[in-house]
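Per-chain numbering from 1; labels A, B and C assigned in written order.
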Amino acid sequence: MFAFFLPKEFNFFDLFERQVGHAVDAAQCFKALVSKDPTDEAMLQRMREIEHQGDEVTHQILYHLNKTFITPFDREDIHALAKELDDIIDMLYTITNRLRVYKVSGVDKNLVEFASVIEDSVRSVASAVKGMRHMKNLASISEACVEVNRLENVGDSMRDAVLAELFENGKDPIHVIKWKEIYQDAETVLDICEDVVHVVQSILVKQA
Amino acid sequence: MFAFFLPKEFNFFDLFERQVGHAVDAAQCFKALVSKDPTDEAMLQRMREIEHQGDEVTHQILYHLNKTFITPFDREDIHALAKELDDIIDMLYTITNRLRVYKVSGVDKNLVEFASVIEDSVRSVASAVKGMRHMKNLASISEACVEVNRLENVGDSMRDAVLAELFENGKDPIHVIKWKEIYQDAETVLDICEDVVHVVQSILVKQA
Amino acid sequence: MFAFFLPKEFNFFDLFERQVGHAVDAAQCFKALVSKDPTDEAMLQRMREIEHQGDEVTHQILYHLNKTFITPFDREDIHALAKELDDIIDMLYTITNRLRVYKVSGVDKNLVEFASVIEDSVRSVASAVKGMRHMKNLASISEACVEVNRLENVGDSMRDAVLAELFENGKDPIHVIKWKEIYQDAETVLDICEDVVHVVQSILVKQA
């Protein structure tokens, strides 16, 4: 009877699933792009499109958050989740754009490896986010979160190894400047994935 | 009659107008500084003063936010707005300080162009923030926000172009290290302006 | 009688004291490490342990924050305090790790000086945080906060001086790339300390 007075509850889960879908697209596109010629114009265009789609759905989530009185979980968690998922896509787009601006050509095996780990992590983020709709399969959400944390540690070690290698072999300082930033950004994507699952975990704790 | 029991509502609009006025001063000072000799000591001193004034008013806003029960819009929006406006001034001061520390001399036409775009953006930010006091001319607030978004895109393209140029022509790595940071910081000012109007837009949506 | 229905109030002060204790340990370990051989494996291992302990207590604070209905001060302040204190430890660990990855050897007198200022600042942060339990000795909390602000200004000047020196003397760009990042990170620790005392001050203002 109370529902009579309530505005129709907006379905945030639909939008979050769409947003995390764009994040998976971005991670796939990123891997394809760095595995071939990183300056493939069609690929770069695809990345730009995904970034726009991600922005679009983020704005929708924030708009509805401001307009909706009743939310399925804490407002600040909805806000954080939307921002962090958008940040994953933005950072992947940023790296792609750097490759173009810095005129990086050729395939870098370290970056391909990063792209693989990133894709795995974003897929686990997607599992965790999608699992929130029903909250019944807590074990599977939790498993996805643990995997994202594990991959963030893998990324830390990879970054340390490639930076050590870069500084040791890289006699050309301009090369070092470019790649140091690219590798650090790649690792940052994994940090953001970890931030997302921290938000998911805090939502689960509150609902438990 | 209820007002009798309420503490006198603090006027946040006055302080925000003052703060955004300091941001416009900082943008003007920054443009003047990079258009002549960037190490003009009197100009640097003026920038330091503006930065202090900005800090002062930010502290006042946050103090009153903590002390005031009734606020004209959501507390977290007041907090975000105060922080972001302060960040505009801080970042302009940071760039100015880098020019001094890195002993950059001579006028760089790219940085002058950035300074122009930044001044335009901060002026639009000021329009948007000042418009919030009455909320009646929504079209003009909205126009200012659109302009800030447009200038952020302009800034992205400028940054990409100048970095590409820097890496192509810049044979001196030390020069590249200095200017890469300065150009990226300049673009960050435009990102922060965009963050400010996002907060303004979210306030408008909530009040609509 | 109402207390009968309330969950036992969780003692956040105990956890914050433990967390700020880890921050002091990290600052001490950092100073010892940079004062001798920065790649001393046992020292690095100690730093890793402190970082893990810091993570542990941060997670506990955030977990209890999500589970506890009644908190001694605003939830967002507890969240911010826990995050910032963790950031102090993380940043110190990050610098330590960079020294290892960049294969920096030998004692750098500038970094030792930074480590001293950082240790002083973190100790003042600890005073401020511990003082919050009773809130009676406001003058001593306030004094500690003023000291942290002062040391942040000291750090700014130090960073400017060492960067100017680095760019002037540093003919080797690779050396400049490494040390510019390390010095900027060192100054960032002092910024984070200042962020912590801003949170403490805002808690005090609300309770006054």
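Just so it is clear, a residue touches a chain if its C-beta (ideal position, glycine included) is under 8 Å from a C-beta of that chain, and two chains touch if they have at least 3 such contacts.
Just so it is clear, the structure is predicted and the values come from calculations on it, not from any experiment.
Enquirer: Starting from the defined contact criterion, work out which chains touch chain A and chain B both, please.
Expert: Both chain A and chain B are touched by C, going by the contact rule given at the top.
Enquirer: Is the contact between chain B and chain C built from the same residue numbers on each copy (over half shared) or from different ones (under half shared)?
Expert: Chain B and chain C contact each other through largely non-matching residue numbers.
Enquirer: Please compute the C-alpha centroid of chain B, do the same for chain C, then give the distance between them in whole Å.
Expert: Computed from C-alpha means, the inter-chain centre distance equals 28 Å.
Enquirer: Check each residue of chain A and list the ones that touch at least two other chains.
Expert: 76, 173, 177
Enquirer: Applying the document's contact rule, which stretches of chain B touch chain C when the two form their complex?
Expert: Residue positions touching the partner: 62-63, 66-67, 97, 100-103, 173-174, 177-178.
Enquirer: Taking the complex as given, what residues does chain B use to touch chain A?
Expert: Within the complex, chain B touches chain A at residues 76, 160, 163-164, 167-168, 170, 173, 176-177, 180, 202, 205-206.
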